[in-house]
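Questions regarding the structure given below will be posed in turn.
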Amino acid sequence: MTDAQTLEATASRAARLGRTRVPWFSLAFLVIVVVSAIFAPWIAPDDPELGRLRDRLIPPFWQEGGSMDHIFGTDLLGRDVFSRVVFGARISLAVGFLSVAIAGTVGSIIGMIAGYYKGWVDALLMRLTDMTLALPLILMAIVLVAILGSPSFSKVVLTIVILRWAFYARQVRGETLAVMEQPYIDLARISGASTRRILFRHVLPNVMPSLLVLATLNVALIILVEASLSFLGAGIPPPTPAWGLMVAEGRDLIKTSWWVSIIPGVAIFLTVLAVNLAGDWLRDRVDPRLRQI
Amino acid sequence: MKRFLFVRFLQAIVSLFMLVTVVFFLVRLTGDPALRMIPPQATQEVADNIRRVFGLDKPVGIQYLIFLREVVLDFHLGTSQFFMRPVTDLLSMRIWASLQLAVASMFVAFFIALPLGVYSAIRRGSRFDYIARAFSIAGGSLPSFLVGLLLIRFFAVELRWFPICCRSEPLSIVLPALTLGWFVSAAFMRLTRSSMLEVLDAEYVKLARIKGVNEGLVIWKHALKNALLPVVTYSTVVFAAIVGGAIVVETVFAWPGLGKLLVDAVLTRDFPMIQGTVILIGAIFIATNFMTDILYGFLNPKIRFAR
Amino acid sequence: MNPLASATMTDPHVVLEASGLKKHFSVSGMLGFGTGSEIIRAVDGIDFQVMAGETLGIVGESGCGKTTVARLLLLLERPTAGKILFEGTNVVGASGSTIKEYRRAVQAVFQDPFSSLSPRMRVGNIIAEPIQVAGELSNHEVKKRVSEVMGQVGLDYNAHANLYPHEFSGGQRQRIAIARALSVRPRVLILDEPVSALDVSIRAQVMNLLFELQREFDLTYLMISHDLSGVEYLSNRVMVMYLGRLVELAKTEDVFLQPAHPYTEALLSAAPPPHPDIESREIILKGEVPSPINPPTGCHFHPRCPYVLPECSETHPELLALQPGHQVACLLYPDHGGTSAHREWNTKGSSPTSSGIS
C-alpha cells in the first residue's frame, strides 16, 4: 500500500473506532444498576438486613444445595445475598454521585476563582490544591474517619469531598486560565460585564464539558474508594449492606462459602468497569485531549 | 540547578513542618487526649496527675512547642496507648515490612506493565493492543481486596502454594506483591504506552528509520530510553504512595506494615500511634517527592543547566 | 482619503484624549522572587487627541506599544501614569458610574474573529450582551435593537441569531463582533487590526462596512493596523509609534506623502509600490528593533536612523508641531535643535529627497 492509502486506511479506521464504539454493554449494565438502586425495595425479594439463622450459608442457586429462593445464596446471618447486593447498589451509587457532585461544585468554584483572579489568590489556592492532591486517598480517608469519629454515610461523603475537591479545582483552574486569555473575555469586560457575569456566562459554559467527563470518570474511583473503606471497617457501618462491607464480612469464609465475599466483589468490579468504559467513551467524544488523566 | 534544588528543599522543609502542625492540631480537634487515657472511675486527683505526667495541663500553644521539640530533636513521637511502647519502636519494626512490600510490588508492576505497554505501543491498533488496554482498564476496575481474596482462595487455600497470611515465610511476600503490583500496573501500563507512542512518533525516530538503522535497534535504543523517563519519575511517586498507602492489601494479607498499623490504630483509637504513623508516612512522601524533583531536574536539561 | 476629513475640521471637538500616558510592566526575576529590575516600557509617555467623527490610525511595528495603547484606552490595563480624558473627564481611577458611562460610549473590535466570540453562546445573545449589561432596555426592546443592528451589518436576525459562532465564516464573525460593539450605540470604536485575520477578498468588504457605519452613526474610530493601505483608506489622521513613543502625528495625506520622521519614511518605503513599474526605494534600516526592556537612550530610534546626529543619543526629542496639524518628535527639525540644513524637508507636497543616505 502506498503511503496515501495507508494514511487513509488508518484515518477511516480511527474514525470508525471513535464514532461507533458506543459501549452498549456498559451503558446497559449501568442502567440496570441505577434501576436496582432506585427500585431496590421492589426488586429485592428479602429484607437485606434481616436474616434467619437457620437459613445461613445457603449456596447460590447453581450450586448444590442452593435454591431459587436465594439466587445468590445467604450469608453468615442468613441474609439474602441478592437482596443485599441490590440494596448495596444504592450505597455505592449514592456515595459516588453525591461526593462527586459536591466535590465537583466546590472544586469548580475554587478553580474558577483561582483562574480568574490569578496573582496571589491563585498561588495560595494552588498550593492548597497541590497539598491536598498529594495525599494518598485511602490513607487520608482512614485518618479523617478517625478524626471525625465513628464512620457513617455522611462522614464518608464528607471525607471524599474534602480529599477530592482539589482534583476538580486544578482542572477547572487550568481551563479557566485558558478561557481568560481569550479576547472575548476582554470584550465582555469592555461591555461592562461584572465578574459574576463573566464567570457564569463565559467561563463556566466553556469549562463544563470537560468537567462533566472528569466527574464521570471519578465516580468509578470513588466507588472503589468507598468499597475499600467499608472493607476496612472505616466506611459504611453494618448492618447497612455496602458492597465493600459485605466482602469483609465474608472474608473468613472464603474457602467454603465463597459467594458471600465474591459476589459483592464482582458487583463492585462490574459497576466500576462499566463506569470507566462509559466515562472513557464520553471523554473521547467530548475532548480527546483529556486522555492523559 | 542549584537554585532549583534549594527552593525545592525549602519547600520540602516547609511541607514537613506544615504536616506536623496539621497533624497535631487535627488530633487535638477530636477532643482532649487526656480523656482517653483517664479511666472513667478515676478521682480528680488521679486525673490531674495523668494530665501532668503527659504534659496535657499546659496550654495548647505550649504543648505544640513541646511536641515540635520532641519530634525534631528527639525523634520522639509519643507512646502508643495500645501497645504501651514508644511509637517510634513500632514504626521502625513495621517500616521494613512496608518497604519490602513496596519494592516487590514495584518489581511486579514493572514486570507486567513495561513489556505490555511497550509492545502495545509498537503494535498500536492491533488486537494485542486492544487486549492489553482492556486488561489495563479491567485491572484498574478491580478492587484490590477482591484480587487479594481471589488469590488467597486459589493459590493459598486450594493449591496451597503460598501461606494464607502474614509475613511468616519467604514465600509470603508473593501474593501480596502480586496483588499490589497488579493494582499499580494498570496505570503504569497506560503511561508506558502513551509515553512510548509519543516517542515513536517523534521526528528523530522517523529520521533514524530513514537513515536505515536496523528497526529493532531504533526501538530499543532511542525510543525506549526516552519513553521510560516519565515512567521512572512517576514510579517514584507511586512508590511513596504505596509505602504508606498499601493499607488494603496489608489488611487482606495481614501483612505487618505501616498501613495496617495505621488502620489498627484508627480502629483502637490509639492517637499517638495515628499521629506518629501519619507523620512518618507523610515524611516519606515528602522526601520521595523531593528526590523525584531532583531526579527530574537532573534529567531535564532545561532545569539542569539553568541559571 | 476619508471624505469626512472636512467634517472634522469644522467641528474640532475632542472626544478622547490621552495625556502623559505611560504603561510599564515589570518582569519578575527567576522563581518569582521578582527582582523587578527589568521594566518593559510598553507605552512611554504619549499625548494625543481624537476628534469627534474622525478616524485616527495608529501604525508601527509589533512591539511598538500600539496594542497596549488600545488596552489602556479600553481600561483593560491601568496606566502607570497619565490620564485618559473622555469628553474632558478623566476616566483613570474614576468612579463606577463614570466608568459605566465610558463603557457605554467606547467599544472595541479585535483582530481574531475566531476568539472574539464566546464559543458557547448563541450569536443573538453575544450581540445582546452589552445592552443587557447596561440594563436600560426591556427584553422586547433588546430583541428589537439586536435585530436592527444585525441588519445593519448585513446579517439576518431570524436566520442567524440562534446559531453558534462556529457556524459562521471569518468575515461573518467579524460582522457579528462589529454588531455587538454597535449594539449600545457607542460614540467611539477602537479597532485593533480589524481585518488582518480575514481573507484578502473579504477585507475590502468589511472595511467598506466600517466606512459606511461610521458615516451613518457619526462614529469616531481609533484604528490600529500594520496594514498601511487600509490605514490610508480609512483614516483622517495617522500617528506613528516606535518603542512606546509617538514619533509622528499628522493628517493622513501628509504622513503618506511627506513623512517627516525618518522612521515613518522607512516604514512607508517598505510597503510595496502601487505599480510594478515604480521603482521601490526601500530604505533598509540597519539593526533590529531593540527590545522594549532596554531601549536606546535619547531618541529611541537613533541607533538605526540614517540621519542620526550626535545629540540624538542624549536628548529625548519632544513631539512638536512642524506646521499646524503635523507633529514630529525628531531633533532634525527647527525648534528641535536642528537646522533645516540637516534635512531637506519639502513642504510643497512632493516626496522628500533622500539626500544624505549612504
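Points worth noting:
Note that the chains are named A, B and C in the order they appear, and that numbering of residues resets to 1 at the start of each chain.
Definition applied: contacts are C-beta pairs under 8 Å (C-beta built on N, C-alpha and C of every residue); 3 or more make two chains touch, one makes a residue touch a chain.
Only a predicted model underlies this, so the values are computations on that prediction, with no experimental measurement involved.
In this assembly, the chain whose C-alpha centre lies farthest from chain C is B.
Put simply, the chain closest to the centre of the protein, by Cα centroids, is A.
With centres taken as mean Cα positions, chain C sits 53 Å from chain A. Remark: chain A and chain B have CA centroids separated by 22 Å (rounded to whole angstrom). We define each chain's centre as the mean of its Cα atoms; on that basis chain B and chain C are separated by 58 Å.
Touching chain C in their complex are the following residues of chain A: 182-184, 186-194, 197, 201-202, 205-206.
Of all residues in chain A, those touching chain B in their complex are 10, 13, 131, 134, 136-139, 142-143, 145-149, 220, 224, 227-228, 231-234, 244, 247-248, 251, 254-255, 258, 261-262, 265-266, 268-269, 272-273, 276-277, 280, 291-292.
Those residues of chain B that touch chain A in the complex are listed here as 15, 18, 26-27, 29-30, 125, 137-138, 140-146, 149-150, 152-153, 157, 194, 241, 244-245, 247-248, 251-252, 259, 262-263, 265-267, 269, 274, 278, 281, 285, 289. Across the complex, chain C meets chain A through its residues 71, 74-76, 100, 103-104, 106-108, 110-112, 115-121, 129-130, 133-134, 177, 180, 184.
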